[in-house]
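Two complexes are shown next, each including chain A; its partner changes from chain B in the first to chain C in the second.
Take a look at the complex of A and B:
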């Protein structure tokens, strides 16, 4: 099946399989890519991911992969670049989210961007000085690397001038139990004029580790890209591999995957609501929600043998099944937790001190969210109805969600209060879905064996608790992993956080940051 | 305010005298001794600076859980602090990325002697699935001296408690 979008000349082919709708095509040249990007932007589409691939060992050059998202689904547009001097046009002027992805691609694959629409940001992103600028880890002739002097480089932060303006540098080690990153605040008094992030401290070479591995090796690694989203990544990776190999997972496995994904969503939302209370000095909220989260994780541990359900979603299906007593336990727990969260929501809503901290703090609006290609909780809290699990005009969610009828949660205020409210609403919706899945789990096998298909590729897209998790997979001639690119929704959300804190005060930053709760590891790879 | 107070009263104290499940007898004994030991050895609370030197954030989820009312870490005189200068112990997750190597060394140097280091998780103990590479130094002990290792992917809160205990007993 082929299709064109917005009367553009590029003809896309529908990716096979049961996963989220994906259409693939190749751009003729850089101008072609630019024209298409402009058209997507004009139609309020977004840039979902961007990465590079070295294909020189196959007698080709490099390949740039761009994934755009429209209402109809995801458009995977790639562009072949020559082996010598691979350059493509800068897309950051059309989609600001491209800036960091392009810089990471230059650091890791050594393909450059210039001209086009953006300003051609020359600063590295993931490379901090642990390897030289002319060595690119994802090139096949790069060798293992290592042995380079680790020489942390200066980073050219944007300076804010003017009388009374000064900087507060924070990190990479933050004052809490949290991942590392650097925040540079430019402030006057306590008011934030500007925040600039420097990330990459968690970069541990994940993408290089995938290369040459088996499909099973990749599954284990995919589940450890961002531990809080292990189910979302495991499913997105499995979906990409299944699309590449033309495999449809059995119905029971798809339902069990959704059950795990929703349990992951509830666990994280419970934890975030507790932490939000804590950051607004309501220790009561922290204790209550962390107690509920612990109850939740213990049931995971009892039913799946792992509190976060790592390695339970595998290519072909799932590695765990649930018997009738387990399903009854899930239904009962959903009832119990639902009652408690309902009480707690009332307490949060009516607590003047808490709402005073939450409301009008860290605000972003829908137009900015759209401009930054934002997804997930943060986007829905500006009023955007963006949820890969839910029907919308022109879009049918992949199974099993098509049959579950997910009601997306939105709130138009765009502030911390809105992001809390969306989490509350999503907990209730997930509890409903979990009960529906538990009582209607279809009988079928759990996992199907399959052989890898040589030279195949596929894309998996999953609505994780934080936002859209996407994994692109390419297999080589022997059916081993030639390239895997995992994409975390945090890529798009980190820049939104920079905007959200502007004009707020420094002491509100921890609260605003927690209301986004972004992944460092998922972004830094 | 009234619903909040009612909820507190209804919840009661959920802190577990003995963390479940199987290891409970031994752990309960250990935990009873723990606060006595801390007072005896240190004469005050044990303070921990947690450093994420490159984890997938899975270990952090379980370290956070130590602060929930079930494990109630502070009830044993153990608390997390914001600066290594205030810490008796570094609780380090890994693998240590090359980009965090320098920051981890600085944090270690800033921690006053005598100090303890606990390496957390399979990655902190051995490098785990990420190992050592162009971007990763691998295990924590490849960068700073380590006293106790707590394996697991991620280790459970009970395993973390055991590791912290083991380090104090050394």
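Take a look at the complex of A and C:
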């Protein structure tokens, strides 16, 4: 099946399989890519992911992968680049979200961007000086690396001038036990003029670890990219591999995957709502939500043998099944937790002090969210109906969600209160879905065996609890992993956080940050 | 009018108090403050945990903390000046002096006349100056941030506190803490509406001054929202122990001042052994109840935005002025 979008000349082919709708094509040259990007932007599409691949060992050059998202689905556009001096046009002027992805691609694969309208940000992103600028870990001839002198370079933060303006550097080591990231605030008094982030402190070479592994090795690694989203990553990886190999997982496995994904969503939303209360010094909310989350995770542990359900979603299906008593336990627990969360929502909604902290704090509007290609809870809290699980104009979600009829939760305020409200609404919707799944679980086999297909590639897209998780997979001639790129929704959401905190005050930043709750590990890779 | 030099005035009292037993009781009050202050903090923490459905830390946890910190080495920032090292001692000294001149057990203490209520506010202010300067001394952004916020809170809280004290001083015609408490505690029982306003205002100020929840959060780990904690981030070892102890003493001092001004019953008038021995259990009961109420208020409130803190303290000031006006207009006999 082929299709053209917006009367552009590029012809896309539909990726086979049961996953989210993905259309793949190859751009003829950089100008072709630019033209298409402009067209996507004009039609209110977004940039979903961008990564590079070294294909020189096959006698080719480099390949740039761009994934755009429209209502019809994801458009996976490749661009082949020469082995010598691989350069493509800078897309950051069209999609600001491209900025960091392009810089990370330059750091890791060594393909550069120039021209275009993005201004060509020359600063590194994931490279912190642990390896030299002319060494690129994801090139096939890079070797193991190591032995480089650690040479932390000065990072050129944007300076804000003017009388009374000064900087507050925060992190990467924080007073609490959280992941590392550096935040550079430019402030006047308590008012934030500008925030600039520096991430990459958790870079651990995940993408390099994938290379050369078997499909099963990759599944284990994908589940460990960001522990809080292990189901989303495992499913996205499995979907990509299944699309590449032309395999359709059985219906029971798809339903079980949805069950796990929704359980992961509820667990994280419970934790976030508690943490939001805690950051506003309402420790009561924190302890209540943490109690509910703990109960939730214990049931995970009892039913799946792992509190976070790691390694339960595997390419071809799932690794564990649920019997009738387990399904009954899930239905009962959903009832019980639903009642308690309803009470807690009432307390949160009616707590004047808490609402005063939440409302009008860290606001972003739908226009900005669209401009920054934002997805997930943060995007829905600005009023965008953007949920890969739900029907919308021109988009049909992949099974099993097509049959479940997910109602997306949105809120138009765009502030911390809106993000809390969306989380509450999504908990209730997920509890409803869980009960529906538990009652109507179809009978079929759990997992089908399949052999890897040589030189195949696929893209998996899953609506995780934080937002849209993508995994792109390319297999080599022997059916082993040639390149795997996991993409966390935090790539798009971190810059949105920079905007959200502007014009707010410094002591409100932790609350705003928590309302996004973005991943460091999933971003730093 | 209770003139200092009149019969029963300040000077007469000072002479009478300079007895050996008076000194002993004063010493007891100071030792009691040193010992009870961490216990009060521990009690409040325990109540908070219970009210939040958490299992509570041991009651003696603050003592374990102090013990641990006193055993640890001090790590000093490279740019630390002698001021940074001196500040913990100054703050601790100020808080100890405050505890000594607030009548906890008896109104007849040798040190009580050394400073009146205005000087007491000054002593507390001095501690604030030292800790803020020390916070800015090492030049980290968080210290400066905390110091700046502390001064914002302080310059709003101090006038409100003074207004509260003026109201009580008008009732007793004296600014001496001992005389005020004695007047309030040992006269015929009269209900003063002005004291109700002053009491609420004092509660507000106490929450702000002791870095409690509506204004600050003593349990936070978020460096950007801290006020008091941000100022002491660079302290370690015995310096930190002194500052933590001083913070406990401050809470104890404010609690005792509030109890002495608004619930003074049970405080001994003279140095009689029986009266003083009775005063100790009464004080304990009052602190237990007060600590529980403090934890309760902290549990049901969220922290206000920092720019709401002026509104919070503005309300305190308004209530204190109302108390003063009520005193002047309604309670003054012609």
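As a convention for this text, the second predicted complex is superposed on the first by the 525 of 525 C-alpha atoms of A that agree within 3 Å, B and C clash if a C-alpha of one lies under 4 Å from a C-alpha of the other, contacts with A are read in each partner's own complex, and residues count from 1 in each chain.
Convention: a residue touches a chain if its C-beta (ideal position, glycine included) is under 8 Å from a C-beta of that chain, and two chains touch if they have at least 3 such contacts.
The shown structure was predicted, so the numbers you read here are calculated from the model rather than taken from an experiment.
Contact with chain B, but none with chain C, is seen for A:206 once the two complexes are overlaid on the shared chain.
Shared-chain residue A:168: touches chain C; no touch with chain B.
Of the two partner chains placed by superposition, only chain C is touched by A:283; chain B is not. In the superposed pair of complexes, A:249 makes contact with neither chain B nor chain C.
In the superposed model, B is the one of chain B and chain C that contacts more residues of chain A. When both complexes are overlaid on chain A, the residue A:398 reaches neither chain B nor chain C. Applying the stated contact rule after C-alpha superposition, one finds that A:347 touches chain B and leaves chain C untouched.
By the touch criterion stated above, A:176 is placed in contact with chain B and with chain C alike. Judged by the touch definition given at the top, the superposed model places A:507 against chain C, while chain B stays out of reach. In the overlay built on the shared chain, the residue A:460 is in contact with neither chain B nor chain C. Common to the chain B and chain C interfaces on chain A are residues 175-177, 284, 287-288, 291, 351.
Here chain A touches chain B in the complex through residues 128, 130-131, 137, 144-146, 148, 150, 152, 172-173, 175-180, 200-206, 208-209, 220-221, 224-228, 230, 271, 284, 287-288, 290-291, 293-294, 297, 301, 307-308, 310, 343-344, 346-347, 350-351, 519-521, 524, going by the rule given at the top. On the side of chain B, the complex with chain A involves touching residues 3-4, 7-8, 11, 14, 50-65, 67-70, 80, 82-83, 95, 97-103, 107, 128-136, 153-154, 156. Looking at the complex, you find that chain A touches chain C at residues 167-170, 174-177, 190, 277, 279-284, 286-288, 291, 351, 353-354, 356-357, 505-511.
Taken together, the chain C residues at the contact with chain A in this complex read 48, 51-54, 141-142, 145, 213-214, 217, 219-226, 233, 299-308.
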